[in-house]
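Below you'll find the structures, each written out as structure tokens.
Shared chain: chain A. Partners: chain B in the first complex, chain C in the second.
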Partner chain A sequence: MKGLETASLGFQYGEGGPAALDGVSVALASGAVSWLTGAPGAGTSTLLLAACGLAPQYTGGVVSGSCRLLDEDPQTAEGRARLSGRVAYVSADPASQLSGIAETVVREVAFAPANLGWPRERIDLAAGAALDRMEVSHLSSRLPASLSGGEQQRVVIASMLVLSPEVWLLDEPGSALDARGRATLAAILADEARRGALVVVASEDADWLAGFADRLIVMAGGRIVRDGVPADLLADPALAVTGAGSTAVADFARALAERDPAFESGRLPVTVADALERWQ
Partner chain B sequence: MRLHPFTPFLLVLATALLAVLLPAPLGPVALLVVVMLVAVATGAWRAAGAAILLSVPLWIFLLLLHGAMRGGEGWQAAVAQGARLTAIIAASLLAYRAFRPARFLDAAASRGWSSGSALLILATLQAAPRLRARAARILEAQRSRGLRVRGRPLGRIGALAPVALPLILQTLGEVDARAMALETRAVGGGRRTALENVRLRWPDHVLLAAAALAVVAAFCWRALW
Partner chain C sequence: MAVTALLEFDRVGFAYRGAGVSAVTDITLSVSAGEGVALLGPNGAGKTTLLRLAMALLHPTSGDVRVSGRSTRGRMPEDLAGDAGFLFQQPEHQLFASTVGEDVAFGPRRLGRANVDAAVSEALEALELGDVRSVHPYDLPAPRRRLVALAGVLALRAGLLLLDEPTSGLDRRSRRLVRQAVARHRALGGAVLAVSHDGEFVLEALDRAIILDRGSTIQDSSVPRALGVHGAPPAPAWAEIAAALGAPAESRRFEPAVEFVSMRCRERRHA
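Let's turn to the complex of A and B:
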């Protein structure tokens, strides 16, 4: 399968500790935006790390079950070597993802393609395009470490975008971004999915993801507890039991419906566009 | 004047060789004077000051060990040894001051080194400023929680543990975070593309030739006399 496929994937950070992942079996296809959510500690971040082999390689811990990403095994050194440059991983902390070597933003973005041995002309073109798409061209000559958190996050995403990766694994990528930055990233991720990339976003920001995610997977205690279309799951009052939050529009509609049952009989709207269409 | 990234480190090597080969005590003292003049001429006052500060305990130890205990020739040996070590420390700090990680990586790529081995050297060279920055952050955080870092010497010693322990633990954690960040940026054993053409230019050639000549001359003098 061209995408991510796990079978009974388990993970523990310490011997005898609680399971961060507990028998996760899921298949995520390329060409769609999949959204992982859940209460803190649900296992969404660990699933992303295990999916690309960063856990347990750099986090320590014990993995069980199987995981295939783009038909490679990310838990082996050979698999990770074959996936190098094809998978983009973005964490919530942009400062920790900077190379610490590049003296300018444009060099930071060019860092990964240079490591892959791309020709200079190709690197220059791709880096310029990535900076433009993330709207950080004006920062090209700045020192990455001197940027604000939001600017650093844009630079980190541009540093992955430059590779045109086949897989995007993003852990709370919008946490450091402002509203415009989140809108830009949403458009880019939707474009990447249309291009055929596998996009997986772990986030509790329901208002942001509800607008462009194709599939919602809710996790709790290291297990998948709900899996379906975001609009359906977010409108379901039972979602609150899992610890995952819904959108402000869905919460508002639910509060109105509780006051006056006649107000809304069908599925509750979950986004502003959804609400406009239903209530106009 | 931007030197090739390897030139300062080769000059440190030459300084270390000269420090050993030049006749004591005048040779090492003259070498120290030259290194300090270079530091002043290049505006590296802080590097020169740091070298002197770092050398003070060494000088005290050497003067006590050689001078006070042996007298006469012992004083000369102490001065020679102190000058040698101070010259090497000052030269190393000067080279470190001129160090630019990105240019070093490009120079390594131009030489055909794998990105993995070049980054290993870089990680070692960058450890000191990272530790210093992290220590400053921890110190500020602990001070905001009421830790007293000024005042009596005993109090200062007592303040070391709340700073040192988190520093060690956080540094260990950062090693993994840094390694993870580099893996996601396709750092491996492959051939890296140099983003800048870093070449040896005439100032590099002049400095390296002069250093090589000085080392050969000192070696010949040592062998013949």
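Let's turn to the complex of A and C:
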């Protein structure tokens, strides 16, 4: 299939520690935004890393079970070679992802396409478009290391966008972005999914993801514990027990119900509009 | 004795070498004991630069920065460690010891503080890290690693906390722990200056907001008046709900908003 398919995927960092992934079997389709969430240590970050072979390739550790990404095996060198240039991984620490070689932002964004041997004209065109889309064209001639955290995060995402990847794997990609940057990125990721890309975002920011994710997967202890449509799962009062996946509105509704049982209901409001409809 | 501001910026300007443009221009501000100040603004506004100036990681190209009344001129970050604690935007870069407990103890021990053990235990417990004291920091998931870095800053028991995005990438429970730690620090007379894009943290934990844009202060106001303004994070959903139902500005924090909405709906039911 297009997309990501795992069967009994397991992962362990180092020796003797608890399993970071413990028998994850899931199929994520291209053309949709899938959102992974869970309490710290739930395994969402590790699932992204294992899905593209960065774990254990760069993290160390031991993988078990199977994983197919775009019908390739990211756990083999041959599979990774065939996936090269088609998969965008965005870590939670943008500074660590800069090449460290490019002297300007525009060269940073051109770095991967240049290494893939694209012709110059195509690189220039694609780099310009990616910088525009992430609203960082004005930083084109700056030294990447001199940028602020939020600006670096935008540049790192632009340096992936330039490839028009078939797969996006993003770990807290909005962590340093301002409100406008988050809205821009949400629109881009929704567009990328519409274009047919597989988009997987690991994030604790339920208020942000609830606005554009098509599917919500809740993890705990390296396993998938809930899987469904975000609007349905987020409205479920039982979700809170996993310590994840709760919007500010749902939190507020739970506090109201604790104070006054008259507010209790089978479904929590998820958005401000839901809440006002009930309480106005 | 007059109250000394814990942090003062006096017409501060700064330009990164070779950048061509000033990162901050003519900034004047002060933060006093007990105050909680948010530093808001769009990406690239100069917020982190301002924090670095406050910590003597950078020195002004014009004007003066004073921490606890003393200029940072000619001083290094370690000279300020007794007065100010600094949490980086990527705080995992601050960790280096082989256990959580050792990492958190490093700062206070180096300052020759008394009761290091008690300070470390208190900081770890405040952030629910007591159970991982002997664990290697890098064996923890990223959100808890960030809390370890914050524990190290709290254990310094410095008067001024300088926090760069202290809640970013954290889960809901961890964010609440950070808010509570900030509240406790302020209740004990400490001051906090925090860069944040998290409207919930800003509204619940801080009172005053300074909005920066292109290196200049464009607004210095109460937090509720700043949220949603140019480059500042939006107010959290409950503040929006409470406002739509007619709550006054002082009832937009979480607890007062719960109180307001529940009272208001009860009145409606009885009407």
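The criterion applied here is as follows: the second predicted complex is superposed on the first by the 255 of 280 C-alpha atoms of A that agree within 3 Å, B and C clash if a C-alpha of one lies under 4 Å from a C-alpha of the other, contacts with A are read in each partner's own complex, and residues count from 1 in each chain.
In this section, contacts are C-beta pairs under 8 Å (C-beta built on N, C-alpha and C of every residue); 3 or more make two chains touch, one makes a residue touch a chain.
This structure is a prediction, so every number in the text was calculated from the model and none was measured.
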Partner chain(s) touched by A:123 [first = chain B, second = chain C, both, neither]: first
Which superposed partner A:259 touches (first chain B, second chain C, both, neither): second
First (chain B), second (chain C), both or neither touched by A:103: first
Which superposed partner A:146 touches (first chain B, second chain C, both, neither): second
Chain B or chain C, by number of chain A residues touched: C
Contacts of A:246 with chain B and chain C, given as first, second, both or neither: second
Partner chain in contact with A:77 - chain B first, chain C second, else both or neither: neither
Touching both chain C and chain B, counted on chain A across the two superposed complexes: 96
Partner chain A, residues of chain C touching it in the complex: 16, 18-19, 41-45, 47-49, 89-90, 92, 139-144, 164-165, 168-174, 197, 200, 231-234, 236-238, 240-241, 244-245, 254, 257-259, 261-262, 264-266, 269
Contact set on chain A toward chain B in their complex: 52, 54, 57-59, 80-81, 84-85, 87-89, 96-103, 107, 110-120, 123, 159-160, 163
Footprint of chain C on chain A - complex, ascending: 13-14, 17, 39-42, 45, 92-93, 95-96, 139, 142-143, 146-151, 153-154, 172, 175-182, 204, 206-207, 243-244, 246-249, 251-252, 255-256, 259-260, 262-263, 271-272, 275-276, 279-280
For the chain B and chain A complex, residues of the former touching the latter: 100-102, 105, 109, 115, 119, 122, 126, 130, 176-188, 190-195
